[in-house]
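Here's the structure we're looking at; comments come further down.
Which chain is which? They are A, B, C and D, in the order written, and residues in each are numbered from 1.
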Amino acid sequence: MIFNKLSLGGVLAAAMSAAALTSAAWAADKPSELKIGITTYSSGSASVFGVPARHAAEILAEGINAKGGINGVPVKLYFIDEGAGLETLMAEYRRLVEDEGVDVTFASISSGVCNKMAPLAEDLEVVNFMWDCGTQRILEDDKYDYVFRTQANATPEVLAPLAYLLKTNPDFKTIAVVNQDYAWGRDSWEIFSNALKTQRPDVKVVAELFPAFGAADFSTEVSRLQALKPDVILSTSWGGDLDTFVRQAKQRGLFESSKFVLPLAESSLQRLRDDLPEGVIVGARGDHYFLHPETRNDEKFKAFNEKFKERTGEYPIYSAAHMVQAFAALEAVYDKAIKANGGEWPTKEQIAEAMIGLNFKGLGRPLVIREDGQAIEAQLVGTTAKRDGYDFKVIDQMEIYDGKDLMAPVGEKSLAWISKFKADFLSKVPATPYRHQ
Amino acid sequence: MSRKSLDAFPDHAVSATAAAEAPWPVRRRHREKYAMNKELLAFIIVAVLLAVVPFTFGTSTTFIAMSLAKGLAVLGILILLRAGQVSFGHAMYFAIGAYAAAFLSSAFRGIDMLLLIGAAILASGVAGAIVGIFVTRYRGIFFGMVNLAFSMVFYSILEKAFHITGGSDGMRIRRPTLLGMELKRAEFDIAIYYVILLFALLSVWLVWRYLRSPMGEALRAVKSNETRLEYVGLSAKSVLLGGYIASAVLCGIGGVFMGMVQGLATPEHAFWTRSSELVFIAALGGPAHVAGAFGGTVVFEAVRTYAAALLDDSWQLILGVTLIVIILWAPGGMVELFRRLTGLDRAKTLTPEAGR
Amino acid sequence: MSDYSASPLLLQAEGLKLRFGGIIAADGIDLSLHEGEHLAIIGPNGAGKTTFLNICTGYLRPQGGSVRFENREITAQPPRQITRLGIARAFQIPQLFAEQTVLENMLLAVSVRERHWNPLRNLHAVPERREMEGLLELVGCSDVRDRVASELPEGKRKLADIAIALALKPRVLLMDEPTSGVASADKFDVMETLMNALRQAKVSSVFVEHDMEMVSRYATRVAVWAQGKIQTTGAPEVVLNDPDVVRNVIGG
Amino acid sequence: MTPNFAVLALLDGIAYASLLFLVAVGLTLVFGVLGILNIAHGSLYAIGAYVAATLGQWLVANGYNPWLTFPALFAGATVVGIALGGMLERFLLQRIYKKDEVLQLLVTFAVFMILENLQRMIWGVQPYFMSTPLNLLGNISFLGINYTAYQVLFLPAAAIVVLFALRHFLRHTAIGAQILAVTEDREAATSIGINATRVYFMTFVIGACFAALGGALATPTTSLVTGMGANMIVLSFAVAATAGLGQIEGAAVSALMIGVARAFAVYLSPELEVIMPYLIMVLVLLVKPNGLFGKDTARKI
């Protein structure tokens, strides 16, 4: 019985790889299609990012194929659900790479999954874009030949809101943190608090709360924060956790006594609507905003926003923008590699080589991939405000930071780099201000 | 006798009718031997088939390796089911196995695989003995619940002790050496496949023998009559404890293998739904036979992986329906279905017709 | 009827007291068993006779008094330890391992007796298999040897229960209405075989019994239990003819 | 830290315990009568929440009086309890009452998986919310801390009403008495002619209604996300097992214990918050294997 099942799977697999082989042979050097494996959440709480990103990917793939593909090769997408558990994820990832023969993978949203997929991609020698996960550790700790990140990492994503806070509210004395209890919540607080210590050693941390990931109730945390009355409350939470926390805090007047800093709240604006008060500092893990002051009039930007709104009824959030960046990097790197290869279709080694120093542009400012495979991405931070024409809070008093100022240099680890900050480093980081228009 | 007896695991029921009509010792032995040979033959065939997988269906190697690893844990669940007990916390030992490897491999780079396995056996065995001393006081639902509580405490600690365990992202398990040899990824995949296969076959054989030994038969007695067990001079608690430790160790071995294949130990391994999954697979495969543990796992994992092809995001739905169908119409699981289809059950359970 | 008071003392209960709520089961019970004796306990239903067996085997802890076995204090020790010392028990409601065959029931019992804990040896391969088959032959259970215990008719269950107790090679066997459930035509044959086996194996016994015919034939001594006390004890022919006993126990 | 934190923690604990109790009481009632530990109880909780939210959102969106969202919570819960609970009992559970308890447990686990999946298919994965009732009741201030009246007044009141209504129902109505009889001694109850099928059906539907009600009443306080059922079910297991399975008043006490302990943890040692319920459960069960109020049943031989 065991064998029956096995052989079924095996025969299927064999048949598929045979099909892949023949098609490859037929197209000689140039494949009939460019296969992209994408891990994203379609179940579980992180699907608030995964589902919009998947829509974005589909829109982008349709767009590429409509104009004839990448250098004449149409793209084909394969999605894997990060929420289905690591066994499934790994088995499916391997199957896509080994049997299906995907050319490039985009993995993944979760830092935990990235931690696993990066070494696996390296082992399987398949070009992988870490398109959304935040952890700075992967590329700082190990050297990879096939793994690249097409967006920033946690360091600038956390430092930018801190810089903004220091500039706009220089006088705060106390701070409390309410983060989800998992790697991102912990890591982001580590970066934030270490940087804060260098900039404002006098600020007192009055509470460090890490409620369980996916907690349904923050009433007790809100009570405690009301009793403590910290000047600033930081939360890098997202999704249902952030929504619940914001609603409970708003209902009980916590926003009146404390300044909130919510570095990921750009992704919750449209859901929270009036539950998110004005005057809250919000970020977007990059310069992602559907009203990006520098790029909102670009054709590409407008077209994508419209298509996205048409398909989902919502404006795109940062995870969709990260997906756009991954596709932009893909198109750019094939162009670059094909040119370098004298017009011939490149091998994966050539693609990997072309990634270094690659310039590409998603929906925000242009990005560049450093020699360690890490992209430099600008950061947009602002303050919520109510404006006509939107039934949710928009971002006003924006500041856009250049990514390179907030990143640890190549070869240096973020925390070590942060510990060397001069006392006024962050308040002097250059930024371009914008108002809502 | 109806197959839908009150009994969860109808092999006893089947053998009941069977044995009732087979009073002649000589012929019975003969048949037993015949059945044994047939099973041994099946065992060898399956073992050989699995041994050639890397050469025939190379790309399924890792999938099967993971299924076998999980199957080892299910085998542990099977032992407890023999005593009529079901644990909703055994994923804890699975996680202990994986974390033992994670800690060791991050402390000593290039540590040998066999040491990791040894550490996992030791850690899960010790944990099983300590927790077992408490939980073997309980039976039925409470046994399941107390195990659940222990595993949830453990799960919460794994998540909370961020600086030690890496929190919810877990810990990386670096690729170990094997007998001092450094292995590349492709070599490692093959090597660990054979190590897992070896352990799986060995465990199947050991568990098979154990369940038929006086100690294993005493486990069944825990299920049917603890009073009599006491009154033949045996403590039901210690019998169950023995089975509990064995099951914890099997889960630990499963966990260390899963961890090494995935290169990762995460708290998710210890979450209660994982424990339920193990019990789920045991019921799906059929608790009456060691083959059920592995057959069930392969089917479970295959459905989970390939369900998406049938209907987007539907693996839970499909598995749930499958399990209900199995429980309602074939409570012996796939093993029973298999026997029904092949008629092997007759030989196995010694009905008079079988020998003819 | 011979007198056993000179032979060594096996089991000795002194001043046992136990009450459940308002019901007095035992109120200062003194009872002893000497080697070679077969002591019958008679008395009205619910008088506490089974409770006595439960206390002797450690299933219940008495509120007062003590039980000694071969001059060793065994009060409230767990049943498994008392069993290992040499006191086996057969039950009013037979206690069998329902999922296993009768022979497997026996083999399991003998494995405990002989400490056969090799986890790789098949239960059926224990060396005492012949002996167990012989015991089953003796109690008349050979025909159901390979049947699963839960499927047995009541009479056979009763015998199998006793056979398991005998498999432990006890010094003392405690029985609770050994022949209830056995077809009445066979009762005396069964009891005859059983008692012969006990005598042969030099096993002393205590049995709770309602059938006075049985008591007078097989008991060496009778104890009458009523209102939580031993009303009288003595040779069957004396006790069973005592007018008080006839009026209060046998007649009533 | 203000010296009044103990009072605050108590208040937070009570609010949380009220929700826990509402969910756990249904679980424990069903176990007491049917002898089945219903893992799908968590899904009923989640679906009750989703249905109530959908109904409430619809009312608000169509311009009905927002106070109607209160009855909508109860209506949503009742509909889910009767329709889904009733169907589960009639078409599935009735077939497994005679099976081994392990298999019963697994069937409910299978139902849990199916419902989790269906729930995702119906409501998607974006967080849902409907906080109108919470907003309507406003805040009350206590020791300088704002609390929502919904959480510190309405929820505890609802829990108390449920507790006493259930007590009254069980003690003073015919069907309630039958349910109680079955809880205490199933065999005896059926032998004196109690219609077990009817009692089982009623009980399961009532239990399902409580699960859904717990979900519905939680809706205004939280965001509905996938996986909320899986978390709630282990918590209510912890409550029910700590009290002793089948103990209704006991569930109220242990819910309070767990709720308050958790709140104190947030004030004193936030890292312990998540572990608290399970720690309490382990400790209680180690000392009292049948739970705080469970009865020890000795076997008669």
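Keep this in mind: a residue touches a chain if its C-beta (ideal position, glycine included) is under 8 Å from a C-beta of that chain, and two chains touch if they have at least 3 such contacts.
What you are looking at is a predicted structure, and each value in this text was computed from that prediction instead of being measured.
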By CA centroids, point me to the most central chain in this structure. B
Of all the other chains, whose mean CA position lies farthest from subunit C? A
Separation of the C-alpha centres, subunit A versus subunit B, in whole Å, is 39
Round to the nearest whole Å and give the separation of the Cα centres of subunit A and subunit D. 37
Report, in whole Å, the distance between the mean C-alpha point of subunit A and the mean C-alpha point of subunit C. 77
Residue numbers in subunit C touching 2 or more other chains? 95
Can you tell me which residues of subunit D touch two or more of the remaining chains? 120, 271, 274, 301
Multi-chain contacts in subunit B: which residues touch at least two other chains? 159-160, 227, 313, 315
Help me check something: in the complex, which residues belonging to subunit B touch subunit C? 12, 15-16, 19-20, 22-23, 25, 28, 206, 209-210, 212-218, 220-221, 223-225, 227-235
Complex contacts: residues of subunit D adjacent to subunit B: 31, 37, 39, 92, 95-96, 98-103, 105-107, 109-114, 116-118, 120-121, 230, 234, 237-238, 241, 245, 271, 274-275, 278-279, 281-282, 285-286, 289-290, 299, 301
Touching subunit B in the complex, subunit C uses residues 57, 78-81, 83-84, 88-89, 95-101, 104, 107-109, 111-113, 116-123, 126, 143, 145-151, 164-165, 167-168
For the subunit B and subunit A complex, residues of the former touching the latter: 45-46, 49-50, 53, 56-57, 59-60, 62-64, 66, 70, 159-160, 162, 166-170, 172, 185, 258, 261-264, 266, 268, 291, 294-295, 298-299, 301-302, 304-306, 308, 312-313, 315, 334, 338
Help me check something: in the complex, which residues belonging to subunit A touch subunit B? 1-3, 5-7, 9-10, 13-14, 17, 42-43, 81, 84-88, 90-92, 94-95, 98-99, 110-112, 115-116, 119-120, 123-124, 135, 181-183, 186, 210, 212-213
